[in-house]
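Chains: A, B, C and D, in written order; residue numbering restarts at 1 for each.
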């Protein structure tokens, strides 16, 4: 049976070219970059080179990049690391943030910080007016994600950063889904902090980075030997760092080709699904969305069961359904768009990646309608119109 | 020129067999273990299997293992994760702890926690009497490392854990240097928490684990999607986890052969160095020490310069000297043994690993004395006796 | 995460559908929770002569529904009433921990169908005797 | 971390040793800090005729000592006094940031040797004029 991976928003395969560049750093150049002998110096040089690659990919300086173990840790470092320098006050996040920001915010809230969650409209775009009004005198930080992981909506980040600065707060954006997929330039955006994750851009898992603009003072959340300019202790994950640098370099270099191709495939797939299955709603913004994100909700049936049926046909996708996520709550992102819980349960996310082909989309569009029909036949909520 | 790696306490090469087992998890089984499609399920199965391997290697249950990004994060999770559930009180650590514990302790101290640093004797063994007396009514935790990373001294962990329990505190041990090198059984030791790091036992960098005994309640230090039984969020580093599981399995299986061989080589090397170079002092415990650790201090000359000279001869070692560590303070470990700052500056650590040979030791013992002599000739402190 | 048997029942569910003019119908769950199961039965001689289900929900919800219909066919009402959600999960070789609560309610739906039959056929007095542990409606919505 | 030139001066240090009955000797640092440099000079016609060093310290300490002896040989006292620690580091192609403070004091040791010469030869009055920026002893111990 063919096997089609349509879940690139969850994670991506490591690009073989990236793996090639990582390989020497397991068994040959295995030194600890803190050591000054030959092995150590070679490892240090590799880390420095990767840091320069990551910095270049987002228009930052090498000293503005802090490597972490992933996007989640980078998000936590941004929020805790920045806010914990102050007495508890107020900060702002978007209503559709990833749990990495959402739960960090909740934990800060338990420590005495007030937090406002800014609503989004039906397309997932942040309510600019509500955002602007939420700032208070003691608002230290606003964090709004660059692009949503469930519905793909891209936020007006530059505008959000500008407003935060006007209000005297710093601005962080979780750009885990964006970096490598769409152009990201920290200078042009004017953000103070920005989160990246390796495994979302054809790099390895277990590596991420926080861009922290020169002058943005942070306290560490992991203490120890003082690595990463004292901001994140722990022996550097050298192959991971090398892989992330290489992956970003490749992603940015190939973006002029990849981005329009994925956008075309995305729009074609969305149109085909909406065309061939009744009672389907497209989720997220019609145009301001990630190149590979096709998200929709199917009435009367539940996400996990669609997902499993698709899986038995070889198509791997994801769902914002409560069942699929292992939690019992339907996706807070989909609820934030104004959909009901029942609809939220029926959501499906197809996230295309650069190895996907038009044939794979054709295949999906062929198998999907009968799956929906089969599940609807089984559903007590479905009364054929 | 030959290249001899004698710095296994800093980090180890990844065993080729370990890399082989990791390789499929970059480009083939690359799924996110949280996803329920085939890729996700295969990744989850790999994580589960590795968790079982890690657990088995230390006599724990699989549910007692929390994967982290390394030893440093695991140490921080143990201290912050356990203590932050309480109102600030008191805890205890050893005087020769790794910065991962030391700096976490300092950070907790800044948050209002009182902390006692228990001194060690000239061999680096913790002062049991002082330890026992340090407990107070509000002592929540004691953390003493299993084996020291600089001088290799192994602590009486079971005894320390027993005393802590008697006093109503939980006991954590940083066993980063011990696991894989000497037998470690959490049941026999009776510890509540124990830290492991992958890259010290021929596994990859960027992965570690905290053993937390069933019933030990922790709060996370990294918040998000609720991975690792809510204790450590972030997409699992699947290849890293697989590598750590494989590396531990191999290390434990081969320990009956590796440990006595390294101990013999260690003792032979120590004797040869002390025999051939005057004014050298062996550091650490004569017998209760890590199998591969040969640590000593050379009077009148400085560690980094020895290290660099050895490096130009192809021997890679480490030093507790201030210069070599990048900080300006001589190693707190060596000062804790009661040595003066000047002596601390002259310390050198040779840490043998399983790929080292007797020939390599012979080579070292040959080149080392003339290096010392050359540097002493250059030293204004040296007056030939 | 799911056993092969769960996946088999999910992919090839047995007894899907609705019995027209069924002797008894039981429904549990609600769409907000993400699981709705409806089981309809025909009863002959105090035995389950036919049973069908419709389910909105995840893989576990579908599989437990399918399994319970298989387990119950031909059984007496009392035997059917003794089948617990736990027994259904066990018959499937187990369910993931997070599916044990909300998605494992097929036996409850069956019990409600039996109750419905007893009430409809004027045997209301026997409900308590036959159905020892009747599910509270929406008991799982509190999770 | 070190440039090739630093490593060259470290591995093959120039002018190691002590001048017997030197015209001037300067020493800076202390073993607690991890760096001690001693420079001895012979002066002829207000020129540095010979210079030697002994250093306890890291690679940077040795290399800067070696470099300063090379830079200074044959120079007038005034020229020698104008050589700064920074200039020594630059002549070596730069030093790692964490080595700039404690291990880069060779020029200071040289200046102390010049001062010693001036004092010993009864030219104490010229010290301030020739040595514009005389190092404070152990100025680096505060780091």
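Some observations on this one:
Operating definition for what follows: a contact is a pair of C-beta atoms (placed from the backbone, for glycine too) under 8 Å apart; a residue touches a chain by one contact, two chains touch by 3 or more.
Quick caveat, the model's predicted, so the values are computed rather than measured.
Between the chain pairs A-D and A-C, more C-beta pairs are in contact across A-C. Mean C-alpha position of chain A lies 55 Å from that of chain D.
Each chain gets a centre from the mean of its Cα atoms; for chain A and chain C, those two points are 40 Å apart.
The distance from the centre of chain C to the centre of chain D, each centre being the mean of the chain's C-alpha atoms, comes to 90 Å. Chain A and chain B, compared by their mean Cα positions, are separated by 34 Å.
Contact with two or more other chains is made by residues 36, 304, 308, 324, 326-327 of chain B.
With touch defined as above, chain C holds no residue shared between interfaces to two or more other chains. According to the touch criterion at the top of this document, the contacting chain pairs are A-B, A-C, A-D, B-C, B-D.
The residues of chain A lying in touch with chain B in their complex are 3, 5, 7, 10-16, 19, 22, 26-28, 30-32, 34-40, 68-73, 75-76, 98-100, 102-104, 106-107, 197, 199, 204-207, 220-226, 233-240, 304, 307-308, 310-311, 316-318, 324-327. Taken in their complex, chain A has these residues touching chain D: 36, 41, 44. Only residues 2, 7, 10-11, 13, 16, 27, 31-38, 54-62, 98-99, 101-103, 143 of chain C touch chain A when the two sit together in their complex. Residues 1 of chain C touch chain B in their complex. Those residues of chain B whose C-beta lies close enough to touch chain D in the complex are 300-305, 308-309, 312, 321-324, 326-328, 330, 340-342, 345, 377-382.
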